Amino acid sequence: MRTQEQYLEHLASMRHNIYIDGECIGRDDPRVVHASSAIRMTFSLVDNPEFKDLLTATSHITGKRINRYTHIHQSPEDLMKKQELTRKICGIAGGCIQRCMGVDMMNAISSVVKDVDTKYGTPYYERFLKFLEYFQENDIVAAGSQTDTKGDRAARPHEQWDPDQYLHVVERRPDGVVVRGAKVHNTMAPYAEELIVVPTRAMTPEDKDYAIAFAIPADTEGVYMIGRAAYMGQREPNLDAPISEIGDIESMTVFDNVFVPNERIFLNGETEFAGMLALRFALYHRHSYTGCKPGIGDVIMGTTSVLADYQNIKKQSHIKEKLAEMISVAELVYAAGIASAVKSTKASSGTQVPDVIFCNVGRRHAGHNIYHELNMLCDVSGGLPATLPGTKDYNSPVVGKFVQKYVTRREGVSSEDCYRIFNLANDLLCSELGSISFQIAGVHGGGSPIMEDIAVLGSYDLKSREKLAKHLAGIKD
Amino acid sequence: MRTQEQYLEHLASMRHNIYIDGECIGRDDPRVVHASSAIRMTFSLVDNPEFKDLLTATSHITGKRINRYTHIHQSPEDLMKKQELTRKICGIAGGCIQRCMGVDMMNAISSVVKDVDTKYGTPYYERFLKFLEYFQENDIVAAGSQTDTKGDRAARPHEQWDPDQYLHVVERRPDGVVVRGAKVHNTMAPYAEELIVVPTRAMTPEDKDYAIAFAIPADTEGVYMIGRAAYMGQREPNLDAPISEIGDIESMTVFDNVFVPNERIFLNGETEFAGMLALRFALYHRHSYTGCKPGIGDVIMGTTSVLADYQNIKKQSHIKEKLAEMISVAELVYAAGIASAVKSTKASSGTQVPDVIFCNVGRRHAGHNIYHELNMLCDVSGGLPATLPGTKDYNSPVVGKFVQKYVTRREGVSSEDCYRIFNLANDLLCSELGSISFQIAGVHGGGSPIMEDIAVLGSYDLKSREKLAKHLAGIKD
Amino acid sequence: MRTQEQYLEHLASMRHNIYIDGECIGRDDPRVVHASSAIRMTFSLVDNPEFKDLLTATSHITGKRINRYTHIHQSPEDLMKKQELTRKICGIAGGCIQRCMGVDMMNAISSVVKDVDTKYGTPYYERFLKFLEYFQENDIVAAGSQTDTKGDRAARPHEQWDPDQYLHVVERRPDGVVVRGAKVHNTMAPYAEELIVVPTRAMTPEDKDYAIAFAIPADTEGVYMIGRAAYMGQREPNLDAPISEIGDIESMTVFDNVFVPNERIFLNGETEFAGMLALRFALYHRHSYTGCKPGIGDVIMGTTSVLADYQNIKKQSHIKEKLAEMISVAELVYAAGIASAVKSTKASSGTQVPDVIFCNVGRRHAGHNIYHELNMLCDVSGGLPATLPGTKDYNSPVVGKFVQKYVTRREGVSSEDCYRIFNLANDLLCSELGSISFQIAGVHGGGSPIMEDIAVLGSYDLKSREKLAKHLAGIKD
Amino acid sequence: MRTQEQYLEHLASMRHNIYIDGECIGRDDPRVVHASSAIRMTFSLVDNPEFKDLLTATSHITGKRINRYTHIHQSPEDLMKKQELTRKICGIAGGCIQRCMGVDMMNAISSVVKDVDTKYGTPYYERFLKFLEYFQENDIVAAGSQTDTKGDRAARPHEQWDPDQYLHVVERRPDGVVVRGAKVHNTMAPYAEELIVVPTRAMTPEDKDYAIAFAIPADTEGVYMIGRAAYMGQREPNLDAPISEIGDIESMTVFDNVFVPNERIFLNGETEFAGMLALRFALYHRHSYTGCKPGIGDVIMGTTSVLADYQNIKKQSHIKEKLAEMISVAELVYAAGIASAVKSTKASSGTQVPDVIFCNVGRRHAGHNIYHELNMLCDVSGGLPATLPGTKDYNSPVVGKFVQKYVTRREGVSSEDCYRIFNLANDLLCSELGSISFQIAGVHGGGSPIMEDIAVLGSYDLKSREKLAKHLAGIKD
């Protein structure tokens, strides 16, 4: 297992293909390093006694101790540990763990491509195992590149007026393929070492060139990442806080005629498996959400509770109701993750697959409630997060004393602590990163809300419920 | 284990102390027998291969095969089986299983009174085990009598202007105590053989006479049950259906100076355990709700789906959204039950206690959504459940042909089947029993919504979330 | 203007064509008379000083003083008076006023058919004025017959596999037409004197025979009404209360080859006006809902407030929140009605037409919230409405004293008053009529929720909002 | 009436007492000027034919043509015009109009202080009229300073451990008073010419020194404004758009021993009027919200509709439902404003006072739904607002072509237009100003949600609804 320093060193050595605000930058640019803070925790916490058991696992292919974010789940317990781990780190980081992308992609491929091989005699699973060994040995950080730009939403891939709106094979060579297209919403791709690419939807036989899955180094020739970076508010040093450390870069990842060698291809034209692979990544990623969203929920409810305490309104019944509602959202989502592990099954490769229904209703509940949770935090915080003077004003020799005096709340809590908790609420409620990471990603991450409905309805045994209704109505089926 | 006939025979032999509409009736009155239909299924299905494993268990005190509704849970699996069983029978019955009352009371007492004995040297647990043996041997049906009438809600038991508004000891004798008061919302008490009585709330030392728990035969001298009976709509024989069989009697159970012998007393003045016992019954009963509410959810979503099919609107996206929402409610509640078993713990007596948080957020979610689910069913059914001609009109030689013609929907579905599904929707949406059993009991059964918030906030580790917020804000705790 | 006695006399004289529970009954049957209670109030309150100004109007055709429920609105004030009147009577009656049906139909026809005449030279408006004079002179009670049975929801009228699933002309004669079909959800039709029939939807040229509107006496040969009657719980005389008086009969009204004379036909084949007439009735009826739903809201919030008072929980903040929410629902709906009058316009005939958007968003908000309002009442009432002993038990020489003792709440409120308020809550929450009239009719009356969305989207100036967005985005339109 | 240039000139001439990020700046600082864009529109649009009638009014004291944002409402029509005007400008500006602050404060004082004079013989109304004349003549822009910092929320003003947590009189002189304290959430105060200060809550006799209302120039000695500035995302010139122009500065306004001359004092120790004045400003400001919130709603729904169009999903039924819901929110709020004008009354001074209930339920509905509206926009926009490359990337010679290609959606819409609409969605959903202005101010502006409940419950005639319930229940009152 690597240290965070080794990870950063590797990033620094990579080819420059990251663009932010029109500039081409290296992966040692402070903006990139800053954004990787949550991922760095997955390296730095590995020996922390509280995390040791959660953050490491035993590789089922090598028997070695590996980072759990490179592990293929072998049991319900593995799924539950990943869920608990993700909740904990998201809580401590104050935001998205980011590294789940890679492990969710790896598990998706692991659980699907053996079935492709069985049907078509392809060598995907064997290739995958080789890649997996490299991945685990080198403790790799990978991004997931799934969502195509999709152009006209009413047209299938092969029907698009611009054929590149879904990533596709434009040339087939003996040693590999050349692909073109772009994948969007690629969280953390600018500080990932590998990109794992899978289809974004089910395909028909006409979509053959679009049914492609592979992994390549993130600095491969022809790959361009156009990033949108966002951070929490930056503060004067004396008022700094862990929440300021978190950041995020979202990438539009362009594949401009990129060559992919055969040994890194895991699906290539087997269209009927495209949808399964797309859904499987979504499934693992929604399982991650049953951990990370309760982690964010912990932060929101903790902030709410401290705010209520400092303002001396903690005993008011509307505060209690809001806290009970926040707990309910977080724990229902978490319960859905546990149930999805209890009812998980094994793929043909032995990979543990969480239950589709429980994962999806859990993720769905999180997504349906994130705006509501922030709304409740906003109710309790009052307007001050939006109107709070900045840290330079707090430190100002002229007006600093006023800021310090007038942000104070109940007796017994220092002015600085009051300021700090309102500033945290400001980060959660009024920052660009908060909007991006809690709200938009809270709704769309791991698949948009309507995709969860589709996933649920596609798998649910509604027939048995119809039978129940007909039985009760006295209708002979 | 008994047959339903043996159960009914025993009921018939009991002293007449049931009052409905001003009449005193026996337990062989058709209104009583009708209402017991769901309970009778817990006897009649015991040899059904689909239910055998769920409906029976091995007694931990005698090693004998017993009905699960008399079993003390010994493991997470026991809890999951009770949950699954309850969901299944509620689905088939089309409503409340009713028999969970007794088993939930028994588990509550089993998990609490050993701690009382440890602290006070009382003999409650030993007494309880004797009662339990009788209970299991005779496959007893018991009601739970918990909710006091409570009078002025702003006053504690000993502060009430009428001291009988909470049940209490009015006389202490060497061989037992005499109690007075009334317990309300006693579902199925009129066809229970035993009444198990526990406190309804936490108590202070001044409430000593109110801290009383016991079990007595339901026809004990001085016990009066004043019943409210409700049934689904009754139909002409040719249009009869299983949904018509279900019924319910709710009882205001009056204890008018009732003698309780020592061997049946399980708490008597140990006020600090009153709240724990009250909450523990609520906990087991909320665990039951994680089974029964998804069972009712299955009926609602099945009915919705068949209605959409018969009207030929199944593919409309608002139908899909409603079904996805219904599935989500049912499965989140069910997931909470599973998680409460996974995270369950053992009481000092070895009784398995489900996790408080997961049980409560599950029950809470069910209660918060039941009106919403019926609202969605109503949306899909259209107005016909409310305006459907009765079965006598359906059979009328004059207008029957019109009814039959004009309730028909899409081609290929018989007029009778259309009529039957709308009639089922009528039962679910527009019947007295539907309102009582789905809506009111859906909200208040197992404790009112605010009690769940209190239970959640009383047990949740909010402190650790506050620490998380302070850590992120840079506040030293 | 007539008295309620004259109205009942006329009803009693009509041909027997009402069927309930398989029986053919006269309009003097107690079930029918009982159900007409709200309508009778529109006669009996006409001289009540509090209602005089609201319940009467000046006919724009005769200049005579008439009952407002026969009036064609001539101004915004007329619309506001009808709204206020409807709210008040619904509040006093404890339910649906019912008589709005006729006046809403009359205004719909009045505001549409002159345009038909202008386009086609038809004599509909003149015929209508004659009918209106009869209607006003005789203070007629009319039902609205709009909703066809619709069979396969995916098929238009002329595409139905059973052509009678929409009412249509089956024979054309010099003196009139013969129609066949059925109209459902015909509230109060069994105690209406006239049936006013309009199309239920927009039509295409192929649907010519279905584009028919007319009025006929309710006992016309060939008309069969198959009724579903529902009432609030009946009580022992000493415990009687105004809420028990209300009732309702919903009718499936069959037109089995019914002859309609020319002078009563107001649309006949002009298909492009079918949708407008359908929507116009819906519009007037939704305007009525901006009065009646706040009236029901008044009853629900009043009951909630008294319940909270008697239980001594009125100062708890969750009670206040629920009351504020109930007030908000009622007054937003009422405000929408006011705004629809302020922004109303005149049809070519001079008839005042309320604003489509405001009426629809008002009705929509009422329909979206009725289950929610009852849910809140249920929260506050606790379980007792569902488990309340009946009035015979209250009067029982044996158990009456127990009932009276144990329904008592805070000091200072008599046992009887406590019993009465819980019994009212029982009627609102747990009665067949409550489910039908508050819940189902609350959702579907005046058109199902999706129809309001369609009406809103069909009329709203979304284009101007798109322009606004493009302007802000810097997009040239 | 002035021009915007005159307004800016006056700003530039004022004493420097604005602090942002630790710097003391003048009112000609670009950050200040930028933020004033919406206010500048109230000057620049005054001769625009579309706005002329709305933006000007006739002064009731001088008979002169004045800017409506300095007018005292004299009729329901005045209120409706202010509402319509506010909606329109907010729509065109893409955010908060800001100038309503001053006019709402002026109307509040105008409608209250004459009653103080009547009771106490004070000269407040006369002073006010003089100030009003100055205000109208000079077309003044004023900020409202109401919300005190409040310290311990469980303590009244005079009970605070720091007496300055509510602004109060610290010295009384013959020619005026000296005040100390701070007012927070002072939107636009840094570019206002006058500060109008009123109490934030009801007061008891012990709070005498806190019952103070006055107006002073914003650069008065001792006044410090500590600002938090926020803007929409800034763009490369070729991609600029009107939405980028809007900005906001929120101020913590400190009164550090500020002298207020007698002629500018409008309340001074008459504690029983403090609450009325506080509520009255809230009332007028909530009335403003019935205009501005529908204006923001117009922007949100327009953006949603264009996004759906460009992605070619406009006909999907979930889009229609979301648009219908957005329309419903906006128009119910707007209807409440209309109804509040229809039911408005005259204060003793002749000032028109909107109806309390309708204003409050309107504002409340807006506040309860703003997060929900943005959630719906987020649903429809997909993740791209959060991951959109910046305008420098759009213009980049290297990656610009990729950005342009991959943000394109359906055929027929230019790449630039697609980019522009997603960028607008980015501003609405993911910007600091969006969070502050739409979300936080949407919830708390004009008073926090709980204050609306208090205002509603304080004014609503709940007694008459209780009477209705008792009448229906047969309870004698």
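The chains carry the letters A, B, C and D, assigned in the order they are written, with residues numbered from 1 in each.
Just so it is clear, contacts are C-beta pairs under 8 Å (C-beta built on N, C-alpha and C of every residue); 3 or more make two chains touch, one makes a residue touch a chain.
Predicted, not measured: the structure shown is a model, and the values here were computed from it.
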Fill in: B-C or A-B - the one linked by more C-beta pairs in contact
B-C
Worksheet item: If you average the CA atoms of chain A and of chain C, how many Å lie between those two points?
Response: 51
Worksheet, complete the sentence: Per the C-alpha centroid definition, the whole-Å distance linking chain B and chain C comes out as 38
Discussion item. Can you work out the whole-Å distance between the CA centroids of chain A and chain B?
Written reply: 40
Worksheet entry | Junction residues of chain B, two or more chains touched | 318, 321
Discussion item. Taking the touch definition from the header, please name the shape of the chain graph: line, ring, star, complete or other.
Written reply: complete
Worksheet item: How about chain C: which of its residues touch chain D in the complex?
Response: 91-92, 94, 239-243, 298-299, 301-303, 305-306, 309, 320-321, 323-324, 327-328, 331-332, 334-336, 338-340, 342-343, 357-358, 361-362, 364-365, 417, 420-421, 423-424, 452-453, 456-457, 460, 462, 464-475
Item to complete: Mind listing the chain C positions that touch chain A in their complex?
Response: 316-318, 321
Item to complete: Quick one: which bits of chain B touch chain C in the complex? Just the residue numbers, please.
Response: 19-24, 147, 149, 151-155, 161-162, 164-165, 182, 184-186, 224, 226-228, 230, 250-252, 254, 256, 311-313, 318, 371-372, 374-375, 378-379, 382-390, 392-393, 395-396, 398-399, 402-403, 405-411, 429-432, 434-436, 439-441, 443-445, 448-450
